[in-house]
Structures are given as C-alpha cells and as structure tokens.
Amino acid sequence: MRVGFIGLGNMGSGMAANLLKAGHAVTVYNRTPAKAEPLVAEGAQAAADLAGACRGDAVVTMLADDAAVEAVTQGEAGLLASLPPGALHISSSTISVALSERLTAAHAAAGQRFVSAPVFGRPDAAARRELFVLAAGDDEAIEAARPLLEAIGKAVFTVAEAPPAANLVKLSGNFLIASIIEALGEAMALVAKGGVDRERYLEILTGTLFGAPVVRTYGGLIARRQFQPAGFAAPLGQKDIRLALAAGEALRVPLPLASLLRDRFLSLLAHGGDQLDWSAIGQLAARDAGDA
Amino acid sequence: MRVGFIGLGNMGSGMAANLLKAGHAVTVYNRTPAKAEPLVAEGAQAAADLAGACRGDAVVTMLADDAAVEAVTQGEAGLLASLPPGALHISSSTISVALSERLTAAHAAAGQRFVSAPVFGRPDAAARRELFVLAAGDDEAIEAARPLLEAIGKAVFTVAEAPPAANLVKLSGNFLIASIIEALGEAMALVAKGGVDRERYLEILTGTLFGAPVVRTYGGLIARRQFQPAGFAAPLGQKDIRLALAAGEALRVPLPLASLLRDRFLSLLAHGGDQLDWSAIGQLAARDAGDA
Amino acid sequence: MRVGFIGLGNMGSGMAANLLKAGHAVTVYNRTPAKAEPLVAEGAQAAADLAGACRGDAVVTMLADDAAVEAVTQGEAGLLASLPPGALHISSSTISVALSERLTAAHAAAGQRFVSAPVFGRPDAAARRELFVLAAGDDEAIEAARPLLEAIGKAVFTVAEAPPAANLVKLSGNFLIASIIEALGEAMALVAKGGVDRERYLEILTGTLFGAPVVRTYGGLIARRQFQPAGFAAPLGQKDIRLALAAGEALRVPLPLASLLRDRFLSLLAHGGDQLDWSAIGQLAARDAGDA
Amino acid sequence: MRVGFIGLGNMGSGMAANLLKAGHAVTVYNRTPAKAEPLVAEGAQAAADLAGACRGDAVVTMLADDAAVEAVTQGEAGLLASLPPGALHISSSTISVALSERLTAAHAAAGQRFVSAPVFGRPDAAARRELFVLAAGDDEAIEAARPLLEAIGKAVFTVAEAPPAANLVKLSGNFLIASIIEALGEAMALVAKGGVDRERYLEILTGTLFGAPVVRTYGGLIARRQFQPAGFAAPLGQKDIRLALAAGEALRVPLPLASLLRDRFLSLLAHGGDQLDWSAIGQLAARDAGDA
C-alpha cells in the first residue's frame, strides 16, 4: 500500500521501518527533517510537508500527545484538509478519548476513514515488530488497514467499532501497570520496614505467585531504587493517568485507584521527578513511611 | 520425623497427608475429631487432645485465624505448656504479625523453637503438594524444620530470621492480589461503560501484556460477575487486608491502596457479600459508576 | 461609574441591581434579552450586543463557566476587541485558574485592565448585597474597581496581585465546603448505623463544637435526605472540584481529599443526581454502608 | 451524691474539682497518689485503692485509653468486683465502642448501672466546667447520673439508650475536626503554592464563610507551622481515628476520609511527629507538594 507516516520519534521510526520491510511504499514526514534520513536510506520517500504525506491510501500518525496530533490534523495543511476521500487515517498515538471522538467525527465529515490503533510496547518492541496493536473502527476500515497494522505489530486486536474504544483500552493498560507499581511500592515499603530485604522479597514474589514480567521489571526498579535512565518518563505516566481520569469523568466512572496514582505522580513531579522513570512513584510509599 | 498436626481444615488435611506420604510419623488433632478419620486411614495417629499432638519433634498448626491459634497455644493444655524443650512449633496459619511476635517471644521463653511458615496456595495446591512455603526463623530452626516444610510444598523460601517477617510477606501477597483485583475492577468499569465488551477486554489484556494467571483468573470472574462459589471468601480477604493495615500501623507505614481495599471489602460485606468470592470487590467500581 | 454588566442569571441580576442602587450608570447585556427587562425598569440601559456593554469605564462579567466567559471575551465582538484602552474587566464568574491566567495576559496585551473578583454567596446574598468579594489584580486596578466591588458585596478582600489567585481562593472555598459535606456524610453514616438518630446527632453537633452555619445547613440536608430543590446543583459542585484539581495539577499539588470528592460527585451523577443539591454526596457514605 | 473519681490527669482533676464545688462528696483515686493532694485540699477524700473509691452511689472514670479503663474495671479489686449493686459507673474516657459494649454487658451482669459519658472539651474547659457531656445509657440511669454530669459540664446531651452510642459520637467528633484539619491543609497547600500568603488566606476564610473557631484555631496553627507545644498530641489523634475506623469496621461502614486521615497520622508519626499537635497532619499536603 501507499502510506504516509507522520512522527518519527523512538516509536514511529521503528514502525515506519517495519512498514518498509513489509513492502509498503512509505512517505515519511517529521517536523525535524533529519529524523527522516535513516528511513530514506532504507527506501522511504521524504515529504516536504504534511500534505506530501497524505497522497496515498493511508497515513499513520505516531505523535507525543493530543496537541501534536491536533497540530497535524487541523489547519489548511493538515490531514483533514489534505487526505483524499476514502483514505485512511490510522492514529497510533496515545491520545485522549475526547480527541479520538473529535477525530472520528471530523474524518467522517470529511469523507475519510479513521482507525484508532494505539499500541502496547516500547521502542525496542516497535523496532522488532513486537508491538501489540489495539484497533478500533468500522470493520471495513480495519480490514483496509490490516496489512499496515500487521506490518507494525506481532498481533492485532480489534476492540470495538467506535475508534475511541481503542484509546480507552490503551489508557486502561497504562493505568493497570501503574496500579501494579503502586501496589508493589506499598508492599515493599511495608515488608522492608518490617525487616525483609527488598531484593529477597522480590525473589520470593517472582518465585511464587507473581512471576509476571511487569512485577519482575518494575519490582526490580523499586527494590534497587533505580529510576534512571527513564524507560517511560514520569510526566508521560502522569499524562496517561490524567487521560484515564478524564475519560472516567466524561463517562461518570469514579476511579479511586487512578486518583491515588494521580496524586502520586504529582508528588513525584513536585519533588523534581521529571527525569525519572514512572516507576519512581513506587518509592513514595517508603518515603511516606520515613524510610526513603 | 515425629510430628503433630493441628487443624484439619481444607488446607491442613492436604498438608498432613503429604507429611504422611513423605514418611513422617504424624499425630493429628482436630477440634472436630471426625476430620481426623481419613488421615488415620492413611496411617496417622489420632491424638485425643492437644497435648497428645505435642510429643514429637515438632508440631504444625494450620488454623483459621489469630483466635484459633491463640486457643491452641495458650492455656494449660496448649502448645506452650505441652511441647518439650527444643521442640519445634511450625505455624502455617495466616495470622497477624503481632501474634507472630508474641508467639516468638513465648516459645523462646519456654525453651521451644518457633518457625513461622505461612503458605501461598489454595486447598487443591495443598493436596497436590504445590504450596509455596514462606519460612522465617533462626537458621538452625529452619534447617530442623526443612524436611517437614519440603514435604508440604514444592518450594521453600526463607524470608528472614525473625518469624513475623514471613507473616508480613504472606499478608503482603494477599494485598497484592487484592490490589490487582481492584485495578481490574476499575479498568473494566471504565472500558465497559465506554462500550468495550468485558470478555473481549479480558482477551486483549491476557493476549498482550497481562497474561499472568492472576489476571486471567480474577479478570474472568469480574468480567462474568461470577462470584459464587467463593474460592476465597470475602470475609477472609477483609481479614487479611485488616491484618496488613494493622502491621502497617505498628510499623508506621501508610498504605493508601490497602485503605481503599479495606473500604471496598466493608462495602461488599455491608451489602451482603459474606458468601461471595473476594474478587467481588472488583464489581464495586462498576456499581459506583451506576453500571452494576 | 459607567459600567457594563454581562450575565443576568440568578447571581448577576442581583449584582447588577446593586450597582444601580449605588448610583452607577449600568448598561446590561444578556444572551436572552428578556432577563434585562427588570433591570431596565430600575434604570439600566440595555445593550443590543456585547460591544454595547463595553463603552464605559468597566465591564463586569458573571457567567456560568469557562466556555461562557471565553465566548464573551474572544472574537470580533468580544470584550478583548471592544473594551477601550485602560478600561476594566471585572470577572466575577467561578472560572478556572488557567482561564484567569489567559485573560490576565490577553487584557494586558490589549492595554486593558483585568481584575478577578469572584464572590462567596448565593443568589439571595447577591440580591441583598451580602456577597463576599475576593479581589485580585494590581493595586491600581483594584482601587479603580473598588466602588463597583463595594456596591456588590458587603466586604471586599484583596487576595494578591495576580488575578488568578482570587479564582484559586474561590475554588478552595468550595472545596472546603464539599470536604465538610463529605466529613458529615461519613460521620452520619457511622453513627446512624450505630443506632444514633441522625437529627439528634445533628443537634448534638451544632449544640457543641460544630455550630457553624455550614454544618447546620448541610448537616440538616444530609440528616433529612433533603436534596431537592438544589440550592447549588451537583454538576456545579463537580465542576468546581474539577477546577480545583486542575489547579492542583498545574501547580503539582496532590489533593487526596479533593480526589475523593471528585469520585463522590461522579458516582452521584452516574446515579442520576444531576438535579440534586451538591450535598447529596453526603449520602454516599451511607449508601456504601448499605444503609441508604 | 457520694461519688468516687478515678483518673486525675489534666481532664480528670478539673472534673473532680467541679464535682466538689457542686457539693458532692468525692473520693478520689489515682495510680500516682500525689495527684490527689490538691483535691484533698479542696475537700475530697483520698482512697487508698480502687475499692475505696467504689463505696458511694457512683464512680466516674476518666482515663487515657482502653487499656487503662480495663485495668481499673477488671480484676479482683476492679470496679466490676467492687461496686455495690445498683451503683453507677460513669465512663468519661475516650474509649473504643467495643470496650463500651463489653462494659455495658459486664455491668449489667454484675447488677450495676453503666452510663457512658465522654466529653467534648480540653483541660481548660474541664477546669472551667465548660465541657459538653455526651451521655448514653438507659433513661433511669442517666437521670440518676444527671446531678454529676451537670456538675462537670455546661450542657448534657443524651445520645441514645445504648451506652456505646455516646462513644461513637465522641469519636465521630474528633474525626470531624481531623477532617477539617486535612481540608485546610490541602486548601492551604494549594493556594500557597499558587502565590497566596497563608496568613492572608486564613484572614479571608475566617472573614467570610469560615469563621468557626475550629477553622480559626487549626488554620492558624497550619498557616504558622506552629505545632508545638501540642494541645492534643498526634498519637492521641491517631488513636481516635483508629477507634473510629474500628467502629466502622464492626458496623461495616466504609470511611474513606477517615482512611486518608489514618495514613496522614501514620506518615506524621513515621517522620518523628509524636510530640507535635495533631494539626501537624495539616502540613503534609504541602510536604507532598514539595512546598514544606
């Protein structure tokens, strides 16, 4: 397929490269043009502007946040103005449910097709084509997008027909991980103040009922107080919990555990945690116990 | 070894049977004598009273709660009065850290040895010798107890030298599971009200980053609202969270997520949930969202 | 002074009437023109459009929310375009800190003066000139506005030089009231389930240490389950807590009690509470206790 | 009346003195006999032991906690063994609902009458006979006790017929005050980080809707960070919140705000706050905001 790709950050670069490897004709665009060079070396075309990335069957966006996605979709040169009728916009960014709703309506009004396709996985997984893709949109649009979705992930899960549903599931996933971080943080603060070595505790957890990678990974970071370098920075975690709470507010779903996480992230950031991994919220229980 | 076994409930019966299978000479005692009969048929001796179970190298207790453990340890006929000097008391019940501290001191004063050895696992795991044993006590006592501990579990983890540390780890484990139940309950309330099918959501979770058995098991119960029969009844979950909070209070460790769980369990019980599985707290987020 | 007044709802009508009574020349504007009629009968001029209310020394806005204030300030016919250089915009609406910051910057850029002057008090207090006015802005602007501020309230409190500070204090006040409602709700749920009559309990509270009007008023509503008609509707309370949390997020101040209130309001609204007084969150503790 | 008085601490000394002033024949007992001397100088008899204080129509106990009350009621020389049939035990200590229930049953079994009569007020109020007395018990017992209750307080409120109801109301009162402290702490953390002077903020609060003495007193302590000397020490506040939560647990009433307060007190104590006034929890919101 002929596909544009907008957003060549750590995630997007790997995803675009995998589209190329799968044989698609990829035109890339990035605000900082230098990031396009490695992909051009692998066979991509470089677009001079947004409209230049909108001339194929589809365009994939992988950007930092709502503001970045709005910047490329709105305006005279944006996707809504540039994409041909019937073309696909595949949005893989972690954005708010509310923006996904607005994009759903705007693309429909413009005669374009919109698939929401956020992903689970980090940059290394993106590069190795090991992402999990959460796709939502009407069946026909998802089927049209499938060759692209399968090129970027190892599995594609259809969520529902309404595109925002995929964004909601993505946000819920990050909420679940942050919840486990908080639970581990409290448990570790408790047992450590009770005389149990934190590393030993983690061995016991992972050796018994809690062998899941998420426990092993984040439990290890908390046990060792090893919050730098940030695999996923605290402000991004804070943003995703904020978006989950905003979705809950719009749907009128109280989320007390998410509210607790919100306050944890704010406290972390208030104490200079912007550069830390989001798992650093897992140390706050120990801090509150005077045992930091 | 010659070992007494006190407490032949769902857990204890399987544990005592495995001690027999491992070749130990087991004398069993239960308040309701009929429960001893199947074990006698397998080769156990039945003691007529507590003291009768205290004549070997060790006695294992596996009882419902603090009160039951205090009832068998205190008093003229209790373990403290009956166990010979140097004999072992291996306590596998899920009890409070405070009681474990009192037993540690009392057995030391009586010249006996105390090993705290709570377990992770349900009755079926106890019967199949698939428990994880968390052992705490001084090294020499744990080594003396090891043949018994290995007979009842598939792995023995030493936690620390102070016996109460094992109780703390056990309680923290149940806190972690309840935390995951709460997180799943909130996530499912959110996505379901946002239009995602709960069963589909669980497939996505378990097919991506959240394949751990605890997610699969409890997520399924929450998705299907299937809280009966109770694998682990809500009042037991409430008790364990209470004990974790009490341990946190004694150690001055704030535990906001545990406090949230406390209130969830109280609300569940206030609405008649005594017979439900503890995972029924995972439905309360949906109830609060008017989507029960 | 010659002053425009925009927003003739329950609050604004009383405030504009008091400006007239104090001898100011008032030009009123309301989206629904009929609401201007009683004030015209008392001597006000009616403006045909926003610009018509912007020809004096100052304009006061008293509107429902951020969106309404943005609607009258932005655009070709809005205040920013219409107010003469040096004229005052006195904003009495309960709006977000973020909007107040944007208005501060925009009026400065336009050469106009901005005073943030939200009020404590309900419509009856507005009508009787019993509002408390919280004023923030540079000293000179506040002095210029003072004759107007004193005409609408019984006391004017200067908060700080930055206009958003007054909005923050206003939001904090509603947060404090909602906190007291929650505290009363929990206390009443506890004692009532313990066998104490709710009305009797309230008599004891108000007769001892808790005689403040806020306890008397809201305690009475909770004790009698009397949440209609709404003096201050639940969605407005929810909005103000949301704005307080948003301010906390921008300033990185965790607010766990505000988070609890947020979830209370969402649960209330999820169960159809849109028409209820905001004190209806005070019944949720009893509901959670199975004692609604 | 002929009355014994047990517990001559800061509160009890003033209460016993007022019984004397009202003309009652008072026999005092205290574990540390020297504390009885000033009262003997005013006309009291000093008892050599507990039984010596149990020979009149009634005995009043005013002690530190559950353990102290159990120590004087149980045992061969305790009140249950020493009080004549029909005599009154008036318990003014702040004790648990559970202990009050046990005392109710035990005195009934012993043919004695039990009135629970905790008080609102500090030592200076006790000395000036300005306490509020919360009395619960059967009508006839309360009427019998009334001359004594009226001698120690400026007002007597009957709560219910079951004695524990008065203890519940007393605990709920301390919960309400702690809730207001928390609310003020969060509000002040928010506005202060937003640039509002804390003292100025308090002036605004007390000058507008929040003029109640509790706001003035505790708001001032929080604004000035003045937590020593302790008027009511943090460990006592922590104890009362614990008792309120325990009562909620027994009645199955979730209390999320009380749970938040619990964690606040634990964090305060974990950071060395044992000597601070309980209002020091009002600084924790600022600490969490990095603005301590």
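Letters A, B, C and D name the chains as they come in the text, with residue numbers starting at 1 for each one.
Throughout what follows, a contact is a pair of C-beta atoms (placed from the backbone, for glycine too) under 8 Å apart; a residue touches a chain by one contact, two chains touch by 3 or more.
Chains and their UniProt names: A, B, C, D = NAD(P)-dependent oxidoreductase.
Just so we're clear, the structure is a prediction, and the values are computed from it rather than from any experiment.
For subunit B, the chain whose average C-alpha position is most distant is C. Comparing the chain pairs B-C and A-C, the larger number of C-beta pairs in contact belongs to A-C.
Work out the mean CA point of subunit B and of subunit D, and you get 38 Å between them. Our note on geometry: subunit B versus subunit C, Cα centroid distance of 53 Å, whole angstroms.
The mean-CA centres of subunit A and subunit C are about 38 angstrom from one another, to the nearest whole unit. Taken residue by residue, subunit A touches two or more other chains at 248, 252-256, 260, 263, 266-267, 270, 288-291, whereas all remaining positions touch fewer. On subunit A, the positions that touch subunit B within their shared complex are 97, 120, 132, 134, 155, 157, 159-160, 162, 164-165, 168-169, 172-173, 175-177, 179-180, 182-184, 186-187, 189-191, 193-197, 200-201, 203-205, 207-215, 244, 247-248, 251-258, 260, 285, 288-291.
Touching subunit B in their complex are the following residues of subunit D: 242, 248-249, 252-256, 259-260, 262-264, 266-267, 269-270.
Residue ranges of subunit A in contact with subunit D, taken from their complex: 256, 263, 266-267, 270-272, 288-291.
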